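These notes open a run of structures that come right after.
Presented sequentially are two complexes of chain A, the first with chain B as partner and the second with chain C.
Up next, the complex of A and B:
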């Protein structure tokens, strides 16, 4: 069973591991389109502190494929132009270290 | 402590001498491995590759136990085990290679006992130590394939770096609570810094450039772990290892005439919810990026940054990179009057409250509700730390100054406060770190009414409570 389809004009955002504990959610739908480089700002606004504790070291996928997050370090990174589209599935995947 | 010293328990031939591949399998091997050898794609060639292979399993815990069990069963020629811990009772729900009768024994020897019972044929090598920058290269060098079954970020970066330097394929897995991850890294192994003619496979740093801050790192001891979740990941590690070795997928592509296998790095993510019968997602296979040009360990110019000699000199500093030891948040943030020891709390606050009726103070317990379910301080209200933070963020956005009731669950009512509007708030957590941050947060929200209300941290959390007040308290 896959995640429910996002409502019109939205994309699904999935939270794994500590991203899920920080937000208290497994997933939510956010308005699309959204430039990828605005994603972390949008989330920081909703969940204060999430950037430092979760996002900065997490990997991000769009439709099950890894995407480079445009960061302040490499402003002209080639993926800066990526825009999250309606119906996309974006995932925040923090590293897990235990075993 | 012995660092990297090995003791070898051998059965039959010395496995450091490669076995003659034309040599037939023994009667026992034919019988023992028959069911896996007849699987399409296996056959004699593949089984002989397994019998000639040397695999190092770093960590003999929740991942290492199931991984080792299947690798031993499959007839891997040499299995090395690295771990410096001893078996504890709280390991046994998931670390299936140990047993109740072996509590207190070194994990490596305990797991070896189990593996020998399963299959006495492989050559088992015990490394009863933790992997460190000093011994890492010596531990890893003799093996064909490495399994990272460890439990902390610093060690994960170290193992990945050594595998890049020594050109070893690495099967890395991790698990906490109800999540698991597994990825094959550096396979086929590619010389450090090589980018031309790529794409080449990523290392751990290509995937996870930096570790979570120390205060956001969850350990199984603190956050919990379900046996089947970590078990699945360990079993999957054995599966990947068998696949790589049986099909010789780890053959270095630099050798002429070796067919290049396409690089398709994939992270398998396992995640489910205990509370939803039909979880919306359980397994996800994520397409990862190849080796990164700007990767510290394997990218452009990395030979100048990361070397075997550097490792022994303490460069890079893994503990520092991963937030160091004991650098927990909020230590020493609060002043003396903002903190109270559990004993003092009982002797002054609780006693006083009893004498003059209830409702003279509020105790907020910021542990997760699962911890809270085993008990707390009398009258305490459970507001998990994460919920408190998101509530604080919400309040901040709306610009409101909250009342105590606003941060409490709706079903909780503060009893008659005896006309005192400034009921003091006492905050307690598990070990006394989150609670200090919570005190700060509550003040930031204006709940201290400009200093008229006391907001106090119960120092040391329920751990200290158990030590100072109630030895029978079920602290988990």
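Up next, the complex of A and C:
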């Protein structure tokens, strides 16, 4: 039950709910590796306004586990900074609304 | 939008998803002893959900049914649809159910959420719990629903029709969600009686508005 394999040198990024509406996509493949702290900047470049509209209110998962999103200016602790790897499945998780 | 369930072993998923397809015979589910969680595009069945938790050691079964409401803050809703991050949603449902099963000493717990378009007035979620005595069952049923609404990776989109457009609902603040379309929607900021249920369950979403 995994998403289709991303092309070589890429990871899959999944968009749900408002993230999907804003990008007009359910998913896309982006170049890997990518430091996690650069993810939101990368998306803002591609989809202007997505940070304020969607990302600031969303969580992020990598391979079905939630990750803390470091600030893009945060240069501390680079040694253990998370890097998105080729083949990873990353998802933008807007506030949920089940029930 | 198509459901988020990736087609299995498929090299060209986008080409294969011309429209959202109700997959009637393809529920996604996980079961383990005393626990059943599922996502389905089918109608939800009270009987089969109750039967999942039936036990000779139980003296009570409590069932909660969430049904789709025809308005949000008096704004008429024409229809609702749900989408999910299925593998993660199932994992989260399982985690919630395990925790509540243990905490309340239940004999069984089942949680089933419907996906796709759910016509107004129909069931979008069923939760059933069984326990030796009723008090634990009442409490566990309520807690399971609140946890689900706060955490499970399912999203509800409400379509208002006409100039209203549609919005993605957010349980956490009970406020109107992110607009999908341009048209104005009366800024109905306020309390949805049910939608405020899941508030604050997850602090890491950041500040609430």
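Rule of thumb we're sticking to: the second predicted complex is superposed on the first by the 84 of 99 C-alpha atoms of A that agree within 3 Å, B and C clash if a C-alpha of one lies under 4 Å from a C-alpha of the other, contacts with A are read in each partner's own complex, and residues count from 1 in each chain.
Here is the rule we go by: a residue touches a chain if its C-beta (ideal position, glycine included) is under 8 Å from a C-beta of that chain, and two chains touch if they have at least 3 such contacts.
It should be emphasised that the depicted structure is a prediction, and the values quoted were computed from it without experimental measurement.
Look at chain A after the overlay: chain B and chain C clash there. Looking at the superposition, the partner that touches the larger set of chain A residues, chain B or chain C, turns out to be B.
Contacts of A:98 after superposition: both chain B and chain C are touched.
In the superposition on chain A, A:26 makes contact with both chain B and chain C. In the superposition on chain A, A:48 makes contact with chain B only, not with chain C.
In the superposed model, A:64 lies in contact with both chain B and chain C.
In the superposed pair of complexes, A:3 makes contact with chain B and with chain C alike. Shared contact residues on chain A (touching chain B in one structure, chain C in the other): 1-4, 14, 16-18, 21, 26, 53-54, 56-57, 59, 61, 64, 66, 68, 91, 93-99. Chain C contributes residues 1-2, 4-8, 10-13, 28, 66, 82-89, 91, 113, 124-125, 145, 148-157, 168-173, 177-178, 180, 194-195, 197-198, 204-206 to its touches with chain A in the complex. Contacts from chain A toward chain C in the complex involve residues 1-5, 14, 16-18, 20-21, 26, 53-54, 56-59, 61, 64, 66, 68, 91, 93-99. Of all residues in chain A, only 1-4, 14, 16-18, 21-24, 26-27, 45-49, 52-54, 56-57, 59, 61, 64-66, 68, 74, 91, 93-99 touch chain B in the complex they form.
Contact residues on chain B toward chain A in their complex (touch as defined above): 59, 61-64, 149-153, 156, 173-177, 179-181, 207-213, 215-220, 223, 225, 230, 233-234, 267, 269, 271, 273, 278-281, 284-289, 294, 386-387, 389-390, 392-393, 396-397.
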